[in-house]
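Residue numbering begins at 1 within each chain, and the chains themselves are lettered A, B, C and D in the order written.
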Amino acid sequence: MDILKRFGVSMEQSLLQRFDSFIKRKSYKNRSEAIRDLIRELLVEEEWVEGGKDVAGAIIMVYDHHKRELVDKIVDIQHDFHDIIISSQHVHLDHHMCLEVVTVKGDINKVFELESKLKSIKGVKHTSLARSTLGKEL
Amino acid sequence: MDILKRFGVSMEQSLLQRFDSFIKRKSYKNRSEAIRDLIRELLVEEEWVEGGKDVAGAIIMVYDHHKRELVDKIVDIQHDFHDIIISSQHVHLDHHMCLEVVTVKGDINKVFELESKLKSIKGVKHTSLARSTLGKEL
Amino acid sequence: MDILKRFGVSMEQSLLQRFDSFIKRKSYKNRSEAIRDLIRELLVEEEWVEGGKDVAGAIIMVYDHHKRELVDKIVDIQHDFHDIIISSQHVHLDHHMCLEVVTVKGDINKVFELESKLKSIKGVKHTSLARSTLGKEL
Amino acid sequence: MDILKRFGVSMEQSLLQRFDSFIKRKSYKNRSEAIRDLIRELLVEEEWVEGGKDVAGAIIMVYDHHKRELVDKIVDIQHDFHDIIISSQHVHLDHHMCLEVVTVKGDINKVFELESKLKSIKGVKHTSLARSTLGKEL
């Protein structure tokens, strides 16, 4: 099990006051949890910039399902990446537009490639990638 | 129905060659689709920066479900935001870590507030927000 | 003068090890300075996202000075924004290309407007904005 | 000299109207220049993400010059990187705070390393990096 360590941090009073105000606005219970989150965020960001490791994330895509053969193409591409796709969830935004959330886990380069392939399909209006982590040592 | 318009774009040959190489790498079929995607992306980005409109997106969170009362807190908070949450999907990353994808649609400020509340819970290791759109006029 | 405050932070050993490795790679002398930097960065980022306050920064632009009337236009626009421009520095990248660094201080909206106006000029190849702060209470 | 090429782009009327409204707000004279800027921006972004090439940019730093030995350390570090630093410009923000703009050109990894070294100095409150380009084939 992971041991909890404790160390001291010094900070100018004026900076600490601004930080405490941030903590309150963001619903943090205490400074430690806010600081841990800042550190985890920069480490996860590094994982995505440096590449080479497995990641977890979600690709969100918005498309018009009335476009001919669009749904077929999306399904085909997703099957080509079945080894990194955990699941896809489909939401009906309105009569025309669909939102699909593709949860992914695995090789970071394959995640980028999958997003490119989905984004480049005609009829896919927008894609966005939520970059997260397998959570090891965080 | 939406009418298709056509217009001409002029570009230095050297820039066009670099763009065509980008298009090929990113699996685009033609320049028009790549340019439409660039324009849609900047418009969606503006929606998120300017605020005030409804958006669609997904909050992804990674947490250790062994932490006491963590799952209860997550469920409680999500219920407080039931009007913008379409659904939550749970993935077991390993024996300890869970990944949860919360698909959201609605008031942009509520989306930011929900992410803050989830992120600030002790035991939640990381959150990330995929920013997308309802797709109107895109 | 600003009083120095001290408080304790608790952290899982594994996270602390990854943080210490980050600190070393980034040349930090100690954890306090790295944590203060993380906090200052998020506060400055908030200043730029929320707007409404005065900021400091630099707009960098790359352009081909052989384009007709380009330099005149750049000078004209900069004069319209003389109240937020501290100075401009010109660098000759090669026979054709110039790099100009425009140091700015003042109303955030004027900074964004100045960057838009410079970027939209034909012949200006690229602009980039370094977002910083007046440094109050940091 | 660079030959100008012309090609056609098709777009839904609704998307084109939103794009034209963007163009007007951002002071562009015509669609071509706005589209060229979008393409140049993504190419420069790729240069910075992929690394390996020479870049141009500016590091902006805000610091309190009353801190002991701070200015000496800043000068020492900048001299270690004299091969990528074109020049430094110093601005007095107020009685305490200084803003320094370090214009850089050269190896992207050295630029990142220089920013890390400057940022990690105690007394340096904030650094920011404007990422630009040598402008070749743009």
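Just so we're on the same page, a contact is a pair of C-beta atoms (placed from the backbone, for glycine too) under 8 Å apart; a residue touches a chain by one contact, two chains touch by 3 or more.
Predicted model only: the values in this text are computed from it and were never measured.
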item: Shortest chain-hopping distance from subunit B out to subunit C; value: 2
item: Selected pair, greater C-beta contact count between B-D and A-B; value: A-B
item: Repeat of interface A-C, chosen from B-D, C-D or A-B - more than half of residue-number contact pairs shared; value: B-D
item: Inter-centroid spacing, subunit D versus subunit B (mean Cα positions, whole Å); value: 26
item: Separation of mean Cα positions, subunit B and subunit A [Å, integer]; value: 8
item: Touching two or more other chains - residues of subunit A; value: 40, 138
item: Those chain pairs that satisfy the touch definition; value: A-B, A-C, B-D, C-D
item: Subunit A contact footprint on subunit B (complex, rising order); value: 25-29, 33-34, 37, 40-41, 44, 56-64, 86-87, 89, 91, 93-94, 96-97, 99, 101, 103, 105, 116-117, 119-120, 122, 125-136, 138
item: Residue ranges of subunit D touching subunit B (in the complex, touch as defined); value: 2-19, 22, 31-32, 35-36, 38-40, 42-43, 46, 137-138
